[in-house]
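Across the two complexes that follow, chain A remains constant while its partner is chain B and subsequently chain C.
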Partner chain A sequence: MSAKTHHNHGPVGRVEDARLTTGAGQFAADWNLPGQLHAYFLRSDRAHAEIVSINAGQALKHAGVRAVFTGADAVRAGYIKPMHTLTFPGKGGMQTRAPDRPVLAHGKVRFVGEALAMVVADTLAAAQDAAELIEVEYRDLPPAVQPEAALAPGAPQLHENVPGNLALEAEAGDAAAVAAAFATAAHVTRLKVEVTRVAPNPMEPRAYIATHDARTDGYLLHVCCQGITTLRRHLAAYTGVPEDKFQFEVRDVGGGFGQRTPAYPEHGALMLAAKQTGRPVKWVSTRSEGIACDTHGRANIIDGALALDRDGKFLAMRLDWVNDMGAYLSPASMGHIRNTSTCMTGVYRIPALYASYRVALTNTNPVSSYRGAGRPDIAYAVERLVSQAAAELKVDAAELRRRNFIPPDAFPYKTPTGSTYENADLPGMLEQALKLADWKGYPKRRARTETRGKLRGIGIAAVIENTGAGQAAKDEVEIALDAAGNVTVYTMSKSQGHGHETTFAMIVADALEVPLARVRVRQCTPEKQHRLQGNHTGGSRSTVGAGSVCHLAAHKLIEAGRALAALELAVEPSQVEYGKGLFRSRDSKRTLKLGDIARTKPVSVVAEGKFGSTFPNGCHIAEVEIDPDTGAAEIASYAAVDDLGTVINHAVVEGQLHGGVAMGAGQIFGEHVVYDRGTGQLLTGSFMDYFMPRAGLVPAIKGAEHPTPSRVSPLGVKGVGESGCTGSLPAVANAVMDALAPLGVGHLDMPLTPAKLWHAIHSARPRD
Partner chain B sequence: MNMAKVTIKVNGKNHTKTVEDRTLLVDFLRDELKLTGTHVGCDTSQCGCCTVHVNGRAVKSCTMLAAQANGASVVTIEGMAKKDKLHPIQRAFSECHGLQCGFCTPGMIMATAGLLKDNPNPTDAEIYKGLEGNLCRCTGYINIVKAVKMSARLLRGGKR
Partner chain C sequence: MYALNYVKAKSVKEAAGFLARNPEAKLLSGGMTLLPTLKARLARPTHLVDIGHLAELRKIAVKGGRLLVGAGARHHEVATSAVVKKAIPALAGLAGEIGDPQVRNRGTIGGSVANNDPAADYPAAVLGLAATVVTTKREIAADRFFQGLFTTALEDGEIIVRIEFPLPKRAAYSKFHHPASGYAMAGVFIAQTAGGVRVAVTGAGPGAFRWTAAEAALANGLKPAALEGVKLDSREFNNDMHADREYRANLVRVMAKRALAKLSGKK
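This part shows the complex of A and B:
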């Protein structure tokens, strides 16, 4: 597989684009089934309250209403225990305290937006109208909104079985070694940062249809998701319905970013409704519902300290985390701890590391994976600390990094928190990035900016992240060949915009040396759901996992074909060559087309693989300009050099980086889910209030590749989906802090809104 | 429940339906005509996923009632390609990798068509302003802006 040329695929367009640009995509809300009913959820309008009573009498009488479900129905069905992944022992062997969460709230509501009743009616309008007739009597309770406050003595308690709202206390690294190193340090940099709570907001709102088959007692779910295998596992755990009773239909998915991985309460509630009514039941979320109750991301507070010796060498780092998980543990909560400790040392040789974690439950919407799932958070904490240390020591920010990089010959590098980084060329990457960004020319650009009365700052971030590994036992891919020589590739991974139908097809077309048009990729198809295993698409794993197996499967097909061709050509298999879609006998030069071996019956092979983590890494350099009169900041330039291993489809990979960088920039400049600290009311509950990145936020990205091919994957690929925001969160924030440093502004937390920057600028005391 | 009889020409063909008078144009297109290429991405008219053309102007179809479009001519994403020949804007979005998940894409394409009608050769800043009402979560917009520029070149009769 060449990193440069894919002779089977030109540079233009993806396979998916033909339908997606013409309105022919099939998203979840586009499905309609005969006889379907419509569901509408009544949601809590308060953060914390006892449900004294629910009276649905009037709602049930409303025209068109078929049924109303409440928490009592959820409890009766036993749909109460969502899966969580904080299954490893915490500090001192502490076990996670996991609260129940009936699919409709029972007894208590614990965040604004929590569903406590569901109306099912002939039309959506009827269901919505009837929901207004449900009478709920609440007894308000004081809420615990901010995670540190929720952990403080005397805070309101969310769950009886979670004393102190502390779900888990965990640690990583060596506390004693870190304390000893700090005692000898020449300099200690301290910084407490918040990686704010944000809403992933894929553009497609959630939508599901649940159908129950009374004959088999099975369920068919039309969903938008990141792969059915993980969803099925979560749903089976939540509902007690065995995995083999689930069938899914999923076609186009309008973005995921981690948020579309888990089972949600709405899945379970719709299953109850489908079973009771005997009809398909459809629900389409509104955006406002989505912001209130689709899992949020990040929401970590990190109190950090970095110890350095006289030469600016890092000695030790300590990070104390408070992880706000919201009112209940989500199925993917593990990432906040595991991913952050896996990459805690960043790209540096830091001999001693220690992290503590306190996982807090609060009266807010649950938090789960969001593009990076802890990786951007740890990169942000480390890279802010490093840049701040450079500023304090008056050392060039690039030079301090250079001094502390893990050297190329130290890979594979075992980190003090027990993970092993595969490979990287960090010094080479840095030099390439400095050149691309014209680091040396910065003072001139800054002077030019200042003549226009603006502030300018430059920020750098060098980051690494674990990608690729998954929880499934293995990734399996099936390739079926027909007599016309067309191959169909079946995988359990699921694109939500990643372009698998193109990238995977390229991998197979390249291996088989056939035109791309011969290869069709099908993801999570119903007929394969109980035959193939595999990971869902998340954690930047699909090209590393399923993509690599596509390559293996194609070669397996060639081998199977060689044996079949040998029979027909009447030679030993070793005498059969394969190339460009033809089997050829070495002696007679007789040939068979690839499809010829499937003339009597289709040929099908299944390949499998299980891959560990790959470690993409990168160096991003951002420059910002800030108008001191308005506080508005603009990205003046952005350079990104990334080691993503071997790249299959450069346009797709570049697109992933663009999207990731913009998401990170969005979080730095404006995105923030805000709950009122007194009442727990959601203050950013729609696109009217929630900042979403728009065109122009990141005007351009100068990108370059600096690959060190992975040896984990036979293709040499590393993950890319999350790299962009892992780099941009710290790079952009460091640029803003650099711009404000001359004014004496020491630290600001994201989001760096115009109002916050204006206030900081105008209340600053200029440095001498 | 008050009903309204509505006749709308959609992609060149007249459709007459009797619908609840509170029916939004976007729901009329999606639910009555099964033209599901027009998407709903929000409930506050911010995202632009539902952008269509009403009498030649780009309109967010969640902001008007079907009844208000009575007698109007509407073009949706399904009406952009001519048989198998993609509209130049559709081509440009694909060739510039200006879409990933594709959910915002129909609205982006319709908004782009509206923008370029008013301003056949927009600057970057004019494109940012012109697409302010269209949200994309996947692309970071960089390739969308490229696609708009390529569209402009193609529509002016130029090359990519």
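This part shows the complex of A and C:
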């Protein structure tokens, strides 16, 4: 089926923006329920300690306090076993060793910020005051903070059932083939890189209200999340409360980046409180709690080697990973292994691949998916290796890539790690990017920069990533039509700022050939939560999945309408044509408006679909200027050519790309969660110390599309939510390394802060 | 935040009287440091005495060869004031580089000077311009006012009323922003004053200080080359995960040269 979409509109502004930019959004903390109580969490101020005793006697006596909960309550309720997704067999059939995590710490605390008690009171101030009265006696234990150190013999042990702090050892590819290829290689490039731990920091802090209905023993949760279906599955697994006992209220969500997908301990703790007190219990995270306790992202160390033959053709690559998962396994931690092995070969034909993974538990906040969930990490590892190889061999970085691309006629391409890339035109994309970035004119620009006493570098990255798919059995979309011809679209995907209300409405309006204003999109509405299945929004999947089903549902509505119109027009359905909101009898020329078929009762259809992965790909080229006196770097230009398949709304897609590029650049230049290696104390607990990228970090991006439409779904779309940072992480880093290479500076790990760059430049230069 | 009482003062005099009677009360001006401190429960005053709205503290004027800036003047007001821009453009420029628009529209010069954050910008200007801090009790010369990390000559209950800046012949400020906080990682204010060249440094050490060796070196001409090899004692400089002492010392030299370049009209 070829999609006819996005042709009926000119540039479309986002439907949701009027609401969101005028303060009319409804976020989780905006809810207040009659009779609600307030929760405050007492959090560990140390990284690793036994809890010898907790005495809440004084806290319970404090005015306004209704209850205090501790780990003992969590264990009694059985809220101890969070879901995890490292469910595939590891090396030699090894099964993941998953530690328990009571929703309030029990027996031990394992990272700074871990909640060990919860006070519930009439006011937040009373709850917080009372929390200060809780007496906790700890017996301090030495912490294991850095993941390689945590895996070393003799390291402090976090969990009894996770010997050596090794949760899983896994592998992908063919070790023997790689060893054989390395033995014959003319050149081997080796590089150990770290993709640092970062805090996703969505603009909206986490906020929940839990309400228990004693009559049904069900729970209503007001939440911010990326979709209720996954959250519900995680919560049911964590608490043992069946999925059909959950109802959610979620309206606007201010950012997610993967961090808002999983069930958190706070959900479960609030459920305990709601059930015991019989009142709604509300909690709103502070920004400091968010940085310390909302799941972190990335945190991978990758020791890589790339073997090349005499002609600069890639023969084999080996990557040895250490994945820092923090103190517990998050329910969304599989990307670190699955996504990095799926796209391990990058955009290249590398005949032999092997990756090993050691998943480490450390005395730090848990790590989970974060925009790309492993895809930017593997792109960074591969693209740093390739640029490093080009520098060592003194080959143009674009030329080395050109020589090794998977050729267009090799698609669909089965990679050595077993995934199948659908389609791409990598040489064509590269040429377009080189032109857009004026690759040939670079030496002149560099000379001009040098006359101003600065260093300039250029960096390129060609990347591919798996998007779409998802763990739900299928995506379902319901479309309801009323007599006025208004169409309401129901989906279980959930925008966190992505613009589904616009994109999905365009898809439906295009299919029905009606004005956009006729179509309204509603996400995760309570009345549909147990009617419709679907994936949460994450993994760049929503337009591929739910968006495609919107298209199918619109066509299903037309078919249903054709049958109803045929009755009304007294002709055979085959004699009814549809177009531009009208059913028309071929012979009689009589017409019915779309809404007319819903005159006696509303018409509603449910469509479903299940789609495989799409593989957006792109070529990003960054140029940086570095002030050698201060080490300050700035992005001088940024060009991005992306193959995102068919694009529905160009402004929405550009917004996703720009945000992604800025996020990647932010990580390269400063974002970094730092724990003190000796004590496990969080050193970047606020924005005074945690670098957030600001708008000025990235200049106007020169962007272009180089689409090869996907055939996975009827729309031809590929995922876009994560592409930006997958491209920018390696492109920007390569540019900085290129600028420093003439000084003899080797690889530097992110974040490339002014101080780090200045030291590198300064120690490379003779002192004056 | 702990529960406390909020008092909206009708005048500076009333605020001073209240502080005298309530030793655990705290003054609230812009609140840009105090409010986050309270939210984090790092302070527990009995009262907040709000003086942020008092018009008597917001005056900006030139009088008798001095620029008078009321303690309640917000950074944005100083940055955009025609009076300040004409009298001491470097001071207006400095104010415009503090924080972000939200901070500049709340934070005040009096609050910044009284707090004496080691990375704040204003202390460099107050020190570099040999300004006088006028309080409800007395006048304090800048050289005696700043006493290291969050410490000043202010006594309990003493309120800054205004800062008086003698007009310099020329002045310039150059700042390297802390990548995360936006405060000064190093900021250098250089002024040619009636009493000679003054070089004040903020951000690098435990508090704003005068780089006297640089002042001596520049006495015979404000040339960047004069700073080569000038001694800079960095033993007390901040040394943290963002920047070590060596880097901060380098930034002080680079910012000083850049301030000099600004003085001579070169970017």
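The working rule: the second predicted complex is superposed on the first by the 753 of 768 C-alpha atoms of A that agree within 3 Å, B and C clash if a C-alpha of one lies under 4 Å from a C-alpha of the other, contacts with A are read in each partner's own complex, and residues count from 1 in each chain.
Just so it is clear, a contact is a pair of C-beta atoms (placed from the backbone, for glycine too) under 8 Å apart; a residue touches a chain by one contact, two chains touch by 3 or more.
All of these numbers come straight from a predicted model, not from anything done at the bench.
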Which of chain B and chain C A:288 touches, first, second, both or neither: both
First (chain B), second (chain C), both or neither touched by A:661: first
First (chain B), second (chain C), both or neither touched by A:365: neither
First (chain B), second (chain C), both or neither touched by A:125: both
Winner by number of chain A residues touched, once chain B and chain C are compared: B
Partner chain(s) touched by A:17 [first = chain B, second = chain C, both, neither]: first
Partner chain(s) touched by A:688 [first = chain B, second = chain C, both, neither]: both
Set intersection of chain A contacts, chain C complex versus chain B complex: 125, 286, 288, 687-688, 692
Contact footprint of chain B on chain A as seen in their complex: 12-14, 16-27, 29-30, 125, 200-205, 252-255, 257, 284, 286-288, 496-499, 651-652, 654-655, 658-663, 686-688, 692-701, 724
Chain A residues within the chain C interface of the complex: 125, 128-129, 286, 288, 629-632, 669-670, 674, 683-684, 687-692, 753-755, 758-759, 762
Touching residues (chain side chain B, partner chain A) in the complex: 20, 22, 30, 35-44, 46-47, 49, 76-78, 80-81, 86, 90, 93-95, 97, 99-106, 109, 124-125, 127-128, 131-132, 134-145
Chain A-facing residues of chain C, complex: 1-3, 39-41, 176, 179-181, 183, 185, 241-244, 246-247, 250-251, 254
